[in-house]
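The following pair of complexes shares a single chain, subunit A, combined with subunit B in the former and subunit C in the latter.
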Partner chain A sequence: MTTSAPQYVTTGDIITPESGFLMGHGTTVADNKLIATVSGFVERVNKLISVRPLNVRYGGEVGDVVVGRVIELADKKWRLEVGSRQFAVLMLSSVHLPGGEQRRRTYEDALQMRSMFAEGDLISAEVFKVLPEGAISLHTRNLKYGKLDNGQLVTVPSALIKRCKQHFHTLSCEIDVIIGTNGFIWITPTPESQSEEQAKDKPQRQEDGDEKPKVVRHFNALVRERLSRVRNSILALAQMYIAIHSVTIMDVYMQSISLGLRAKDILNPDILQTVTQSALSRKGEQS
Partner chain B sequence: VQLGVNPKVDGSCYYQQGNTKLIVTVLGPREVKRAKQLHDRAVISCEYSTSTFSASERKQQSKSDRRSAEKAMLLRQAFEGCILTHLFPRSQVNIFVQVIQSDGGTLSCALNAASLALMNAGVPMKDFLVSSTAGFIDNIPFLDLNSWERTSDTPEVCIAVYPHSDKLGLINVDHARLTLPQLETCMNLAVAGAKEIHIMLKNEVKKYSEGILH
Partner chain C sequence: STQSTWDRLIGLLSYPAIMLLSPSERSWITEGVSENVRGDGRSRLDYRYFSIKTGVVAHANGSARVKLDNTDIITSVNLEISEPDTDTPDQGKIVCAVECTPTSCVNLDQQGVMNLNAQLTMELEKLLSESRCINLNDLIIIPGKQCWSLSIDALVLESSGNVLDAICISTMAALTTSTVPTIEVVKGENENQYEIVVSDDPFDAKPLAANNVPVCVSLFKIGSYFVVDATDEEEEVTTARVSIAVNRAGEISGIYKNGIGGISPVALNEMVLAARKIGLDLIAKIDDSLRPKLSDTD
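Let's turn to the complex of A and B:
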């Protein structure tokens, strides 16, 4: 159901005096009337009314792909910063063991947690549960999730990321993008050779049970320029409050090339409007 | 009023009322240390900081001296009643007030700015808490006293009200030498002033959001 103009409410406003509606996010009932608790645009889906503010912390739903940074190691779990209201939890039993084994975690595993993910590491994972008090619980029980390296992290408001089928994209400029639903986006140049690809995707073998072999990739200036351009395109979209997905990123990327801009010029406030033009018009088409 | 002045935090607001200017930033709801956690609701913490150049004489004022601490505590109490803290157990919301130029009514402005900053951060609240001050000079009630009017030891009432339910969120009286009827007059005047401010601030918030979406 599309309305002619979305209704904007500020905190405390009465959304509708009629009864019989379900309370969604951002609403509460007082005096038999539905009242907004945040300021934002009203969304109605049949009988469910919710108010979505423009800027809000990542909530977390089952199945979301997120990128997070390890903050601390606790008893048989890692705690990660994902830009949510609490740290996300990654249980030892939810990670992919090196060597791909399926076994019960032993005391030795608990002691060697730091060799898998240490404080400060970036990890891609999937939300498998939302705990009763609001924290999210993650898992990396899939080969595509795990520690991230050889790339760059970009942080954008989570409200700009829509949930879609694919969160792992390979852009046509040979840059891989992991668009975390929490607003943390990981960009890295696409691995070139097949053998490199295999080395990255296979679970890291623990030889002698100690250090993980770390693949350090070297990039030339051209590749780094492309990476910077993608990063700035993402930030440009965030500043103009446009939804971020592979299509819009490439829109800004291609427009910046056709305008003859260097990567660092994209975020210039004077140029921001023109470089995001096609991404903006695409947004206009869809709404 | 300008919302979203600080892109690195969850919510922020620059607020100017007359010659009083301040910036409020809000962080949260976010993770809090285990020792300070509350199992069933969020912890609200406030910090009230005055710049050395804010008053007519340069003065170093630490955040923990009595006046700043009192204002911070009043802010915290007002918002503890306003923010729906039971929605975020084991987390914290931090409100930081920085007074840039002070010309009377700083607590009241801080309250208004904090309301706006919390809205900018998407923190759910019961209602749009707005605040205003009123006082008596020579037995005439005045709305929103500035620093020149305040130095003559005038009683000043600062109230914060929930505009939709007419309930008070905060009431603070300085230099309390008022009779009860005088107090009532001041309160009513301040509430009326706050409601007018509410209408103006509502428009600002709407303008800001629509501006983001062009």
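Let's turn to the complex of A and C:
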């Protein structure tokens, strides 16, 4: 593994004049030299050289946590927009059914799909397979995945999201974020108490099979102000092209408070540089 | 156009992109509006930050580009010599055209984009003509024979809501920094012979007399409240929109209502008063932004 600074190439640049390397994505051979076909960073794994561009559509790998929006319902599956080259697929057999975990999907289930997830709904899910054509197949078989309520969505370039162990974060300002690897980030207030947490975890597990009526929650101006501050912090990081994770989000959040800014002023172009200062310096420390 | 009256009445309320939102996102937006903390932290009557750049189209007589968050508009003003209409021989002409690029309205098909262009063009024309901000008599060169034809072309490059307001801001900036080339009418021997001589010096021009161009303040009804400068998600949840043209003197020079929702007379009154205040603030911000450019032409 190389420890030198990453090499950045533009389309047409010669990556290396030496021979004996394998062509990866984003490269081609001309005149016995390896040339970049896209602009991006060079990645070397033993003899395989590839170029990884910055602004690509989200690719999707097994194990990724994504946030997606249901676009259409098809035969025993949902199609979701995840910012990838194709819609992601969520099979009926891959979701958590109300009224029990393991059972065969019946004809009635297929007819009731819209009552589970309808067009426009946002859900969190995990990638469990990449289909041969390149589309990703999702599952929500864990209780922590499912429909997203009470909050707002923000979209950032997927290149800014690093894969890590935990994608569900509770920030110290009592706001939860679900950082989808595809760049879709769901922001919601942290559920108040443990009992409410448990109630949220079991909305679809009723003995009689009926869905429990959802508890309608209302949020006051203070909670909304904090949530919009988190939202603007994330967008500020995206504008400055800084990696987005719970630490950098809180950096911008705390700095905006110490600068005495209201949430709405964070994205003001005059202020953007100052408010992302500590997040930027942390980036320097890590590399 | 062959568009039916009914279609035009229903209109494209949340334009340019009709987006999908989940019911919980909708209620988050609606409740946020009633709590006076919107998705981006603004209060109901807060405008987003915007920037103006003039002189962006090299061959135009005047031009401006406005960026309101991600809403990006370029307006170009062009003057051409033309013949006046037979029923208004003493007046020049003004023609407006608004075009939305496909990337600004990805969810609309070709017909939808055409309808959107027609609607925005109609609204812009209405706002400008009702305000009488440009005296058409000033645009005459030879009565009955030659006049200036003023074309105002607005291009919507990208949208994040509140497109009409942004178009009006860029139109105002373009018109107030537009210049009219100095011309001389040389009469020939006969009465009917004349020659129009345009000065060789490209800088020999005088400012266009357009000091009272109005700004448009659009108010969007969400739930039981109204907000100014809606984002595209907020437009998706809007039931009615009232666009109010405010001029420099604080007068209301035009009101246009769109959408299937109803507005009570009390609310309408509040909206007009709010729009007047916001409109005057906007004009002051635009003046501040244009001031260094205006002094350059002196």
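Here is the rule we go by: the second predicted complex is superposed on the first by the 263 of 287 C-alpha atoms of A that agree within 3 Å, B and C clash if a C-alpha of one lies under 4 Å from a C-alpha of the other, contacts with A are read in each partner's own complex, and residues count from 1 in each chain.
Just so it is clear, a contact is a pair of C-beta atoms (placed from the backbone, for glycine too) under 8 Å apart; a residue touches a chain by one contact, two chains touch by 3 or more.
Keep in mind it's a predicted model, so treat the numbers as computed, not measured.
Annotation for the three-chain superposition on subunit A: subunit B and subunit C fit side by side. Of the two partner chains placed around the shared chain by superposition, subunit B is the only one that A:Gly26 touches, whereas subunit C remains out of contact. In the superposition on chain A, contact is made by A:Ser228 with subunit C only, not with subunit B. Look at A:Asn220: by the touch rule set out above, it reaches subunit C but stays clear of subunit B.
Judged by the touch definition given at the top, the superposed model places A:Asp176 against neither subunit B nor subunit C. Touch criterion met: A:Gly134 reaches subunit B, while subunit C stays clear of it. The vertex angle at subunit A, taken between the C-alpha centres of subunit B and subunit C once both structures are aligned on chain A, is 50 degrees to the nearest 10. Once the two complexes are overlaid on the shared chain, A:Glu43 sits clear of subunit B and of subunit C alike.
In the superposed pair of complexes, A:Pro53 makes contact with subunit B only, with no contact to subunit C. After superposing the two complexes on their shared chain, the closest approach between C-alpha atoms of subunit B and subunit C is 7 Å.
According to the touch criterion, subunit A has no shared surface contacted by subunit B in one complex and subunit C in the other. Across the complex, subunit C is touched by residues 69, 71, 119-122, 147-153, 218-221, 224-225, 228-229, 231-232, 262-264, 266-269 of subunit A. Across the interface of their complex, subunit A is touched by residues 4, 10-11, 28-31, 39, 84, 88-91, 115, 119-128, 162-165, 202, 205-206, 209-210, 212-214 of subunit B. Contacts from subunit A toward subunit B in the complex involve residues 8, 10-14, 26, 28, 30, 35, 37-41, 53-57, 81, 85-87, 133-135, 241, 280. Contact residues of subunit C toward subunit A in the complex are 20-25, 28-29, 31-32, 35-42, 46, 49, 51.
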